[in-house]
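Accompanying notes for the structure given below.
Note that the chains take the letters A, B, C and D in the order they are written out, and that residue 1 is the start of every chain.
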Amino acid sequence: MNYQSILEEIESEIQPLFNEGKVASYIPALANVNPNQFSMSIQMFDGTSFGIGEVNKKFSIQSISKVFTFTLALNHYGKELYKRVGHEPSGNPFNSLVQLEYENGIPRNPFINAGAIVTADSLVSIYKDSSFKNILNFIKKVSNDETITYDEEIFNSELEHGFRNYALINMIKSFGNIHNNIDDVIKTYFKQCSIMMSPAQLAKSMLFLANHGENPLTNECIITESKAKRINSLMLTCGHYDASGDFAYKVGLPGKSGVGGGIVAIVPKKMAICVYSPRLNTQGNSLIGTKALELFTTKTGLSIF
Amino acid sequence: MNYQSILEEIESEIQPLFNEGKVASYIPALANVNPNQFSMSIQMFDGTSFGIGEVNKKFSIQSISKVFTFTLALNHYGKELYKRVGHEPSGNPFNSLVQLEYENGIPRNPFINAGAIVTADSLVSIYKDSSFKNILNFIKKVSNDETITYDEEIFNSELEHGFRNYALINMIKSFGNIHNNIDDVIKTYFKQCSIMMSPAQLAKSMLFLANHGENPLTNECIITESKAKRINSLMLTCGHYDASGDFAYKVGLPGKSGVGGGIVAIVPKKMAICVYSPRLNTQGNSLIGTKALELFTTKTGLSIF
Amino acid sequence: MNYQSILEEIESEIQPLFNEGKVASYIPALANVNPNQFSMSIQMFDGTSFGIGEVNKKFSIQSISKVFTFTLALNHYGKELYKRVGHEPSGNPFNSLVQLEYENGIPRNPFINAGAIVTADSLVSIYKDSSFKNILNFIKKVSNDETITYDEEIFNSELEHGFRNYALINMIKSFGNIHNNIDDVIKTYFKQCSIMMSPAQLAKSMLFLANHGENPLTNECIITESKAKRINSLMLTCGHYDASGDFAYKVGLPGKSGVGGGIVAIVPKKMAICVYSPRLNTQGNSLIGTKALELFTTKTGLSIF
Amino acid sequence: MNYQSILEEIESEIQPLFNEGKVASYIPALANVNPNQFSMSIQMFDGTSFGIGEVNKKFSIQSISKVFTFTLALNHYGKELYKRVGHEPSGNPFNSLVQLEYENGIPRNPFINAGAIVTADSLVSIYKDSSFKNILNFIKKVSNDETITYDEEIFNSELEHGFRNYALINMIKSFGNIHNNIDDVIKTYFKQCSIMMSPAQLAKSMLFLANHGENPLTNECIITESKAKRINSLMLTCGHYDASGDFAYKVGLPGKSGVGGGIVAIVPKKMAICVYSPRLNTQGNSLIGTKALELFTTKTGLSIF
């Protein structure tokens, strides 16, 4: 299949959507990005890649970071982790507190904020002061790229304006499901959200999940096949908050979005993809990114279904 | 792969679970089945099949019927149907009324009771008095079997004891999302739930979804490829009520369960499966059936992820 | 105090509100009343009365009937009744199903629809086929008026359009908190809502609650002092659905509203009042009636606080 | 009426309850009080008083402080305050976050934690750094007692363990309904909760509410009659969290409880009462205190209904 020409078709077909959706505005550092960007990168197992737009320009990965931290935590804790965070779709917005109150502070899944905060706490229990360093090292390893870092301005912006996340962590703590100091955990969480990566880097970083746990570029085993498949299933059922069903319905690939405007997706045994476009739909996912991926699976027939 | 010996291994490994879970008790007609049954049928595209247990013994398909009625309705209405029923996981029990109240009588998806009732209503709008006949004929067609019928006793039992479903349909009607007479719709719905099929029949009946819309045994096109994939994605994200995420996580196949104890699942481009065992877990899905399918994908590596 | 001139002041001051609010429209029989009516009746213990507007013109009492049925049921069952219906404000709309689902079919209080339906069921358990006759006889007794009856057209309208109430009763039945046949109970409930009374009749009918259980006009003991006070407290905390706090805050009297546009209120040891005006606020209470009672307690200082 | 002998009767009748209920345990400083205390103080308008138990022994007033801060804020802001905090019963536990999420960060009433925190914020907007000093001065004024202060240990305990309250304030802040620095507001709130007063002091401090806004001992006007009545109505409908209806039903007086074990109540135009006993019922109100007040109104007939 000629992926490059498919990317070009997609770029042309998404043009009419450039006046829809809104850039994330809850922190100033995100509100100021150029809303009309679009880039998409495909990374194959053999190292070849395809791209459209500025595939090497970095953006704030935000919730895409939850895939990395959950991988790390699942690798370390295995099934023990399920006692503290579930793997069910929540049926609620990404930052909802409602279910936490009804369900004793156990978040539904690791891809809503509450679940990612518990995951971060579980990593702080292991890595203490060097938690963020270990997270970053893991991302460097899976993306085979030592240059990745986080954005200090975005991090500070989250610290200053992340009231909803402070509400979540305090709520969970009140149920005893945060084991470490709140400040340590929330800083780790905000830093992971502030990591900057390009579409090309992110596509590469997801290859191990497309390849049943082994990075096909380095032949390094990152996680077992069984766990890799489970992370993929979780991306499918919970990767897009309260639009996860819609994403599975229209795109048909495991994927994870971030409010920064990025979406990663994987085609099992074939490739990893990252699309970036910062205008968001009402559920907080990249509007044009979602459409681009829908066009991609329609044109290629690569849905997992 | 030697599927027959895999089925035998599974049967042996699920034995310790025969004292867990409870048979559905909300209607007497279901409460009286022998709880210790287990059977499993695999149907390949070339007509070969594998089975363990009494694969030709019929049971009440219950919510598995929702796959057939949604297929019929989607075929007829296309995207119009989405205005009346969504395709998101609900994050709530199968018979919950809570979201209906907050979301103006639009059910989250067609596989919870509320959504299946709206789907039935949409079919009554088309087929009027012969709605159930058309549903049954469709099932006969996709399973290539003229002998399928429903159980009068179970139907009457639902009519007499189905208070929660009456509550749902009246609630939806109060929001204007039921267009026909309540009695006509609920009878159609209860009849479809009372249909009796065997694991072998059900496995066959799902082949068209495994084969992108075309029945591989008859080469008949049942639904477009795109719609078939969407139905599969819906089975994955919403097929097991409030345990859909867990099923996707552990089994990794699109599937649909019924409180009668059956679960159907498909492996895209390969096969369709049906497992039957009437003891249910707390979410209302076959406890042993779920475990059997988890063992199946673990042993075969046939998860879609 | 010159109550007659106070009523005249009130009538003059509420005039600007005659373009606000909306007549109940969920059944055609109510939607067709003249929206611009206003009448108010005060009934003293010694038999004297004051009135403004058409105080002898009958209207549909709707939920005001819940005061009578709860009195009857409390008289018969005493504390046993609390096992089936609570006495807490619900914090939810009058016809909400949400709490029923979370609280096992036990309605929060007898003045929301769910609670009144359980109350009606408790009366059907006592009076069987003559339940409505007994309710009507009780109202005739407390109002000392044999002419009271119900409106067949409104009753039929409720039967035909009362989907939300059918949803409620089926929901409660599914939890086992309806002991009789659904049709018998719902017809009793719809009939009590369809009773027609005038402001003068309703004011008289509430005197026993203002007088600690004894009708001051006939010296008949209707209910014990302790129970009368409890019914009054319930009118204060729960009498106006999700605007009960606001009514207590602004009016400061125990009262009960109906979507027909009536509100009754009592001043303990002094008088009973009924106001009628069919335009409703967003919580389903008479908009002008609420304002008139607020003006009344402001002018007279007769708030219980 | 011989109030002293009534108090003695009550003390005798509540003895069997001394093994029920549990002392508040969410902060260590409260968990360590002797659970078997009981004292009750009645304060008349003419300065006479009645008491049983250690009526001069101080305890942590906790949520009773909300009456004072709401009085101060209502006095300053009038109706403007209603835009930021309502006056409806919540139908939810005292520390629930659920309604905040559904209702845009506007708490239902000033007597649940969320509402009291918004009230504290409104006072910080006025008094800045001297907010707590002004609150304390107001309490000294209404109780005519210069010795009142707060407990540093309890305050620090709240600061350290009050995760749920931190969750609430951050949640409200995320909706823009906290105008000041979170730390400043929460410290003010925790300090007001840590104030220590005796039953005798608290009973005196409530006299102005029993007397339509004027302190009968000093003839000082604290608040207008209209506002005093509204505060009383709010105590009746919302003073005991999710047991407010039950308290109104059984006791029939405006009152406010605190998890420290105190309850204040007023009899309009007659007296103010304070009862103290630290064992709490499941809704967080003094179990024996509630029973004592129920016995009091039963014996005296002083319910407002």
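Structure notes:
Going forward, a contact is a pair of C-beta atoms (placed from the backbone, for glycine too) under 8 Å apart; a residue touches a chain by one contact, two chains touch by 3 or more.
Quick caveat, the model's predicted, so the values are computed rather than measured.
With contact taken as defined at the outset, subunit A and subunit C are each touched by B, D.
For this pair, subunit B with subunit C, the centres built from the Cα atoms lie 46 Å apart. Look at where the CA atoms of subunit B average out and do the same for subunit D: the two points lie 55 Å apart. Put simply, the C-alpha centre of subunit A and that of subunit B have 32 angstrom between them.
Looking at subunit B, no residue sits in touch with two or more other chains.
Arrangement of the chains shown, judged by which pairs touch: one closed cycle in which each chain has exactly two touching partners. Pairs of chains in mutual contact: A-B, A-D, B-C, C-D.
Residues 96-98, 100-102, 163-164, 166-168, 170-171, 173-174, 182 of subunit A touch subunit D in their complex. Residue ranges of subunit D in contact with subunit C, taken from their complex: 86-92, 99, 108-109, 225-226, 228-230, 232-234, 236-238, 242-246, 248-250, 252, 254, 268, 298, 301, 303-305.
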